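Here chain A shows up in two complexes: once beside chain B, once beside chain C.
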Partner chain A sequence: MSKKTYINGVGCISTQKTFDTVFLEEAVVNHNENVLAIVPPAYKEYISPAASRRMAKGVKNGIVASALAMKDANVENVDAIITGTGLGCIEDSEKFLKSILDNNEEFLTPTSFIQSTHNTVGAQIALLQQCKGYNFTYVNGAVSFESALLDAKMQIEENEANSILVGGVDENGDYTTSLFKLAGRIKKENDLPSNVLNANSTGVVYGEGASFFVLENEKKDSTYAEILDVEIKNSLEENEVEEALILFLKSNHLEITDLDAVVLGFDGNSDSDSYYRNLSENAFVKTPQLYYKHLSGAYDTASAFALWMASKILKTQEIPEIIKVNSVVKPTYNTILLYNQLNGKNHSFTLLSK
Partner chain B sequence: MKGVAITGMGIISSIGNSVEENYISLIENKIGISRIENIPTVHADVIKVGEIKKTNEELVAELQLPENNNFSRTAMIGTLAAKQAVENAGITSINEFRTGLISATSVGGMDMTERHYYDYFEKPELVKYITCHDGGDVAEKIAEELGLKGMVTTISTACSSAANSIMLGARLIKTGKLDRVIVGGADALAKFTINGFKTLMILSDDYNKPFDNTRKGLNLGEAAAFLVLESDEIVAKQNKKVLARVSGYGNANDAFHQTASSENGEGAYLAMKKAFEVSGLKPSQIDYINVHGTATPNNDLSEGRALLRIYENEKVPDFSSTKPYTGHTLAAAAAIEAVYSVLAIQNNVVYPNLNFEIPMEEFDLTPQTTLKNKTIEHVLSNSFGFGGNCSTLIFSKS
Partner chain C sequence: MEALKEELKNKIITTLNLEDIAVEDIADNDPLFGDGLGLDSIDALELIVILDKDYGIKLVDPKEGKSIFQSIETMASYISANRTK
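Right after this comes the complex of A and B.
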């Protein structure tokens, strides 16, 4: 029989204070900006100042979030490190590209090129921990993190690893952010204040962050949840989502009524938020519905923030008011489904149980 | 262990626009290393590259893309190779079974980003290219062109990326999560990577000479290749021809340095060791090793030492690097070399390691330097990347 996968430790650096806090009690919703920046942790507690100066913020956040998760799980090493990132080390990519263009390909130094590769975060964590095991980095938009999660779950099921560090990390780069505004991916200033639940304009409020998890094949005192299943579908029409979701639940011997909560990726983009609204107003009317991108901002691996949130709920059995979509409550929270998509592509279902 | 069936292949590289063309170049010593023509760069007279001699306009025409398309060059060569692979596997209804696509990239749509970076604000007609920078854009474009709706993802572990996409695909089939998966990678030449490798001082101004004592570095190349992997159930049901099988895979991290390989090739050694464990094969059963062999001083020394550690007191089998033909095609390298490995099995050949003259002084390792015909049952293929990412694949006769 294949092994079960447990989330035994979590670490989250985000646009909210998600470290040194209990569970979003200090969270604030920022309606008035279209790009949100992370609340930085005390890096010097985790990384030497000399090393820190050379590292991009995504790398630093990844290192801190992974350290938090490992401490939380009370493990000192892991068998594998699997990372998801949409844009990778975009700040160093920008830096190197600008120096190429500005100096007509001359007088370049390799530092920013070296740090620009998408696998830098996973590599730096491996280097710090001297982890010589399996090391993958996924870069596929909004399923970057779910790809990592699915891979990790397969590793544990197949007995290829006992403990795995898995995370999602993205950072904002100034120039790329300006390009995203130009391309309409980020909401226009004129369209603020934003409203994530009742989208009134196209584009999203961008965020950044790093969420890491220690997954293990055994239940411990620190266990948050069991990951029952993860599924990725590249494209679904609006009218196909519910059916896909019911099939996914069915393959796990569950029905919609078995869910104690559903975490929806509402991102305030009027072009595609009907994917969530349809479910919210129909299939999940009687299910406690939760959302998070009003807190984390929208970015490729924001769904890792959602997993952090759902893990906390299963462990604490509490749901902060600030993440509730509706007023439906359940006496206990045992089974939670996460659904996310990006502009009708990159659909993912993640199923957790207590 | 039987391994996962490979039922289709597609490739475009500087030595050919199809599997057949690539094979003919390999056995006839036709190299694809030349001066760069498609990218204006100040290094044009200094570097040699493995460039696909088709302009973007020609690729657009070949793919019959609409005028308002926003395909990067990487997406175009990726689509060409993936379409060939699907056709070669005789797939007519792409979503008939649970079918996935796993691609690999180093810098995504960087070729368009670097071309238009400062022009986006002045030229609205270029804005469409902004989103093609994403690492996942190439895979999404290929999926759309194939009409594939299932699982799509992309791996980016620098120069080992495509080995990992093949590895993931094989695992998805083995665990029964998918019935069929198209795996591989694509990377087009870009100023970004040319200058990156240039600043690291590992580009050769001459033809690359893997495992040669006087080797000076690598030639960059561009390519795309995809393979179709299918479950044994589908193979049996549809009576499919199996080209070869993915019988082993291993992934490890060198955990030594962001860009350099360790002195004793620890990561490479661990990756090969794991691949042997998965396949159940002994090192002595390998008939041909398609080495990573980038021709940088560091890689070949580290890889050579790892090979000697794996083979201990045994003779290292015939080995060669095919990078003198194609250049180092980064995230696509392991995919094109997977195609070459399957062709080696099908045709019972070992390709020559071109440009080799003088054995390295650090050890006694001489690659195969001429085309050799012999029975090939098992091929081992290595790929290593920045970030210490080391991957090994083993392909076996079906």
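Right after this comes the complex of A and C.
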């Protein structure tokens, strides 16, 4: 019989103060910027100055988020580390490429090259924890985190590992965000202030962050939720989403009416938010609906922030006003569905229960 | 020579991201590796690039590095004697 997968510890570094807080009580929506920066923790409490001097912020955030998750789960080591990232260590990639151009392909220094690979975060976490087990990084656009989560869930189900650290991490790089602005992927300054729920312009407010989770095969006092299922669909038309969702729920012996809340990935892009809007105004009209990218910003692994949020809700049974889409409430929150997509591609469904 | 030593200290702090160290914390004869500043092999590569890029010195014999990079004093002496720019 396959093992169940429990979230026993969480850690989140984001564009909100999500460390040293209870649950988004200090959250603030920033309508006036189109690229949001993380609220940095005190890195020195987690990483020695000698180790941190070569690390870009994404690596440091991943290390701190994973340390928070492990402390929360009260574990000192894990069997595997699985990371999802859309752009990897883009800051050091930019630095290295700029150095190639500036120095006419001469005088290349090793540090930024070493730190520029996508698997740097997972590798540095493993080095610090002396974890010599399975270490894998998924780079699959907006389903990078879900790919990591699915791998972790299958490994626990198949008894390949008892405990796994899984996370999603992305950082903003100045040059990359300038290209995203040129390409229209980031909202234009003229279209600010932004309104994620009722967008009337294209592009998104970009963000960055790192969210890590300790998954284990046994329920503990620290357990937040059980991960019932994760499904990835690379391509779905707007009119196919509801049916795909119903089939996903059915395969878990559930119907839409069984859901106590749904977390939708509204990102304020008027070109593709209709995917969420259709569900919000029809299938989920009687379900408590939540959103998060107005707090976290949009980035490839922002859905890891959503999992952090849903885990907190299941444990605390509280939903902060700042994440509510509608006013529907339930007496208890036992089953939550997360749905995310990016520009009509890379759809993911993640199902949690208390 | 004193100006060069000061320059080297600043370059090392900036290039190697030694966030908690100031120029005054590095004595001219402090060992750069091991017990002194605690630099490692990746830093050694960065120092070789500084010599090449900023002073026009190409180290052809890696064994030379050990004596050249012993301290700020030894680095400055070697640069003064061999710099091409």
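FYI, the second predicted complex is superposed on the first by the 354 of 354 C-alpha atoms of A that agree within 3 Å, B and C clash if a C-alpha of one lies under 4 Å from a C-alpha of the other, contacts with A are read in each partner's own complex, and residues count from 1 in each chain.
Just so we're on the same page, a contact is a pair of C-beta atoms (placed from the backbone, for glycine too) under 8 Å apart; a residue touches a chain by one contact, two chains touch by 3 or more.
Note that the coordinates shown come from a computational prediction; the quantities given were computed from them, not determined experimentally.
Novice: Overlay done on chain A, so just call it for chain B and chain C: clash or fit.
Specialist: Superposition check on chain A shows chain B and chain C fit without a clash.
Novice: What angle, in steps of 10 degrees, lies at chain A between chain B and chain C when each chain is taken as its C-alpha centre?
Specialist: Between the chain B and chain C centres, as viewed from chain A, the angle is 70 degrees.
Novice: According to the stated criteria, A:Thr287 is in contact with first (chain B), second (chain C), both, or neither; which is it?
Specialist: The answer is neither, since A:Thr287 touches no partner chain.
Novice: After superposition on the shared chain, which partner residues are touched by A:Thr177: those of chain B (first), chain C (second), both, or neither?
Specialist: neither
Novice: Once chain A of both complexes is superposed, is A:Ser222 in touch with chain B (first), chain C (second), both, or neither?
Specialist: In the superposition, A:Ser222 touches no partner, neither chain B nor chain C.
Novice: Thinking of the overlay built on chain A, is A:Gly86 touched by chain B (first), by chain C (second), by both, or by neither?
Specialist: Touch status of A:Gly86: first partner only.
Novice: Just chain B (first), just chain C (second), both, or neither: which does A:Thr109 touch?
Specialist: A:Thr109 sits against chain B and chain C alike.
Novice: On chain A, which partner's contacts cover more residues, chain B's or chain C's?
Specialist: B
Novice: Output check: A:Ser66 vs chain B and chain C. Expected answer is one of first, second, both, neither. What do you get?
Specialist: neither
Novice: Looking at A:Arg54, would you say it contacts chain B, chain C, both, or neither? Reply first, second, both or neither.
Specialist: In the superposition, A:Arg54 touches chain C alone.
Novice: Considering the aligned complexes, could you tell me the closest Cα pair distance between chain B and chain C in angstrom?
Specialist: Shortest inter-chain C-alpha distance (chain B to chain C): 9 Å.
Novice: Intersection of chain A residues contacting chain B with those contacting chain C?
Specialist: In chain A, positions 106, 108-110, 114 sit in both the chain B and chain C interfaces.
Novice: Please output the residues of chain A touching chain C within their complex, sorted ascending.
Specialist: Its residues touching chain C are 49-50, 52-54, 103, 106-111, 114.
Novice: Please give the residue numbers of chain B that touch chain A in the complex, ascending.
Specialist: Touch list, chain B to chain A: 41-43, 101, 105-108, 110, 113-114, 117-118, 120-121, 127, 130-131, 133-137, 139-140, 143-144, 148-158, 164, 168, 171-172, 174-175, 177, 191-192, 195-196, 198-200, 251-259, 266-267, 270, 385-389.
Novice: With touch defined as at the start, can you tell me which chain C residues reach chain A in the complex?
Specialist: The contact residues of chain C facing chain A are 15-20, 38, 42, 45-46, 49, 52-53.
Novice: Show which residues of chain A lie in contact with chain B when the two form their complex.
Specialist: Contacts found on chain A: 81, 85-88, 93, 96-98, 100-101, 104-106, 108-110, 113-120, 122-124, 126-127, 129-141, 143-144, 147, 150-151, 154, 157-158, 176, 179-180, 182-183, 185, 231-236, 345-346.
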